[in-house]
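Here chain A shows up in two complexes: once beside chain B, once beside chain C.
Right after this comes the complex of A and B.
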């Protein structure tokens, strides 16, 4: 009887599994297959030539990809950390104020609702070396302006600032939900025991928030590793390779250069690396007993 | 003037009250043939307004509809690729860039125009742009002698030197003929409020690669030994190449804006029309924005000239012209409609109208017309000189990959990320690899030291 029950459960899952396989796995499998081919067109007909692992071998010699990996790591670490820290600070502040903070919450999440193309326009104007607001402010106080997006030394930082501005509200929302769901009695007990506000934060609030902070960081890190629109709209990967990121490299190789095989190999590699990092992070988190 | 294949209107025009009759019968009844609407995919360029206006004129004259799907450069290319590779193209006419047309030719995506109308041919006054409208599918070569006519030129897109003619006049100078002269003039005109010279150096689909081409050619070098003759031995890392790139970098860093390595065509136009730039290099079609009082603070002050070169080398503007091609995978009626539009477009009268409407004509009929002699159309006089000198960068379908290598290497050199020598050597190695992998007989010069 039990055997029949479990078989029934398995069978009942079959449609969902098939839909998942069709929608999620099939495209990835197709990408994987294409990554071992070179695709060209002759007489209006597609030619797929098997090239083995050549496309994967070529990744090691790709200067754009190398620069893209380096910059993407910087974006992931800096932007995600900034978003989580600022998001947590604002979440704690809003939670402590209570319902009166609602208008501020709406303002804080506003950037999340703005389309990427509009964000590109907003920040391109603000960064403009001739009439951007940053340079106008600098000039007002007697300092000389700077070309934020056109200079190799500041272009990546400028892109990171936009990413933090755009996605910090996401971290804020997740962390606000976590802060609001913290058990009040633990905090009250700490206060009764004479803990200062800082001690309460460090010894009580922060440990209780660790799982939420970890998951927020992980979510945002995965999303930041896919950064594309800010780079596409603001810098096009330049000057030089100073803002090249892996998604933009894939866009150029796959779409602009029409190199579907190599572009697929790059895509598969990125999917693999990000998946491995997620699995390692989740396991590390689990082993520390932090997951909830 | 209107091109009517049937003589109907010619007769009617002799009859009093024809205008009333026109309005009664409707324009379409009087045009050559009523065609299905032509859907055109085109990019957003400085010459778009002129092309859009001439498309409107076509509708006005013939009653036939032409709709434009306007996209950014890369977006237009992607839409064209998707269209020709699908079972049926949504576009009847592809406006293909002179950098990427080999991809369409070699892929076998375009209908030979004589298959649609055996009588069709290019108008005798139309520029042929190095024989690029013709392609021999068997020998994979460009040229009128053996190739099938696949496209009709729609825009010349030859680079010209744009300079402040008013300041030149004040100083008693004539347009620079050498890069040394250009640099000296740019240095002399540089002030706190004006950059001496700015050129595109930002990375894009094809940007700095195109703008640097006249430099390397002007110094006597080349990207490849003889691309027109099919010899793709890589020569970008020659001594001439080094001299040319060093000049390009020096001009950008010493006399240009701080963001030289990030400049786009739009930035250059903005700097020029706001009076902040003394020299730049732009496609001829950008002239239309120079004398528009609503957009420009330098109306009547911009002069045009073919690009400089060093003694003994010809001025060699980069040819980045646009060609109109008809996909194979559309119904016959759509092919005929697209060809009817191209046929009307290439006629001498239309080409003069195209110039009058702010477009960039492709026919000697326009450049040798009285219209070209007017002071406000002085760019056309420069075009008359530059057009026969213009040269294409390559004629093979690997252009997108070649351009990507050069966009990166040249941009990194201007941005100061790598030295001129490292940029040239690394580009040469990467170009050789692309060509070798694609099966070309290639090689490259020894690395520069």
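Right after this comes the complex of A and C.
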């Protein structure tokens, strides 16, 4: 009977598994296959030449990709940390104010709703070295302006600021849901037990929020590792390679240089690395018993 | 001497009043139960004493000090919540020691207090477990441990037994009472369960719609309720409240539809009243005994210990509770003897009337 039931369960899952395989796995498998080829067009016909692992070997010598990996790691660590810290702070503030914070909540999530292209326009204007608001403010207080996007010392930071502004609301929403679902009486018990506001936050609220903070961080880190819009719209990876990120490298190699085989190898590598990081992070989280 | 004092304490949410000027004195070491229906304001009052709710007006005093403007942490109170409110990420040991850690106590001192509390509550085997690995009764004991460990001035209990099964509730009732008596700490215990209040409290504060209806020892509320509300709230099966009239003169009696209870001449003023009579103060008349009422048995429950009858007398259903196992069946006629010395009388406004 039990065997019959489990067979039934397997059969009932089959359509969903097939749809998943078709929609998610098939494109990746196709990408994987292409990554072992060099693709060229001869007389309007596609030509696929088997090159083995040559595309993967070439990745190690690609200066653009190296710069992209380095910058992406910085973006992921800095932007994600900032988004989680600011998002958590705002979530706690809004939750403590209660219903009166509703208009602020709507304002906070506004950047999330703005299309990427508009965000590019907004921030290009703000960063403009001639009439951008940052330089206007600096000049008003007697300081000289700066070419935020054109200078290699500030371009990556400028991109990170935009990413934080754009995606912090996402962290805010996830963390607000977590904060709002914390049991009220546990917080009240801490107050009665003698906790100051800081002690309550440090010893009760924060540990209870760890699972949500972890998941938000992981989620945002994965999304940040795919950063593309901001770079494409604001800097185009420059100046030099100062804002080069892996997605932009793939874009350049695959689409601009029409190197589909090598672009596929880059893509497969990124998918592999991100997947491995997710699995390691989830296991580390599980072993620490944070997922209550 | 009063240890916890309420002086004209009021609470409103916006325009909506919840508590209407409460006055009460709770003595040091006393166990007071705040009893009432859901929504009567009993938990709000407890939370105001704890400092978890603002006091709209009036004063709350603990140990001779007005605490209105003190935060919960400065009131030297401990509270056991209905949900226990244990810290899910901490072990039992950490949960119990948390108030001590916050107070800056050394580890050695904490251990000493922990072991005393764990011994009292039989928690020694569970100290390294997390709350999710404990049963309801064990969690309840951990919450108690966290409350007693720092020797507060007042224990506050907010329906702490509601989530336990009936058998465990009876056990915990007795455990909490014994513990409170051993420690001699003043306790204020909110409950909607009259049995809990009756069995645990030195005094019961019975609340109704944001007011204190009566505040006194359990048997005073049972035997001498100040109103029909108190009479009806306390006691199970509930008291019989029968509307009728007192006839005065030498043939003084309470008369209602199908009921006549002779009273001591000139003891009660004539007029319309509600008579209250507890089910156990009515017996089934046998043989040539003079009956006060007669009616058909509409329902009968035998608990083993007692037999509880519902008898229709005129317009009224009269509850009767007797020790005997009666051979009466549904539809049989029962003749009732009402003990005139146990009759309570209430004016049409519901307030108790005293004998002349």
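To be clear about the criterion, the second predicted complex is superposed on the first by the 291 of 292 C-alpha atoms of A that agree within 3 Å, B and C clash if a C-alpha of one lies under 4 Å from a C-alpha of the other, contacts with A are read in each partner's own complex, and residues count from 1 in each chain.
Rule of thumb we're sticking to: a contact is a pair of C-beta atoms (placed from the backbone, for glycine too) under 8 Å apart; a residue touches a chain by one contact, two chains touch by 3 or more.
Please read these numbers as outputs of a predicted model, since none were measured by experiment.
In the superposition on chain A, A:204 makes contact with chain C only, while chain B stays out of contact range.
With both structures placed on the common chain, the touch criterion links A:195 to chain C but leaves chain B unconnected. When the two structures are aligned on the shared chain, A:92 is found in touch with neither chain B nor chain C.
Of the two partner chains, chain B is the only one that A:257 touches; chain C does not reach it. After overlaying the two complexes on the shared chain, residue contacts for A:186 are found with chain C alone; chain B is out of touch. Between chain B and chain C, it is B that contacts the larger number of residues in chain A.
Overlap of the chain B and chain C interfaces on chain A: none, as no residue is touched by both. Of all residues in chain A, those touching chain C in their complex are 183, 185-186, 188-196, 199, 203-204, 207-208, 210, 292. Against chain A, the residues of chain C that register as touching in their complex are 50-52, 71-73, 77-79, 81-83, 85-89, 98-99, 102-103, 132, 146, 150.
By the touch criterion given at the top, residues 41-46, 63-64, 129, 146-147, 149-152, 155, 235-242, 252-253, 255-259 of chain A touch chain B in their complex. Contact residues of chain B toward chain A in the complex are 74, 77-78, 81, 84-85, 103, 106-109, 137, 202-205, 257-263, 328-329, 400-401, 404, 408, 411-412, 414-418, 426.
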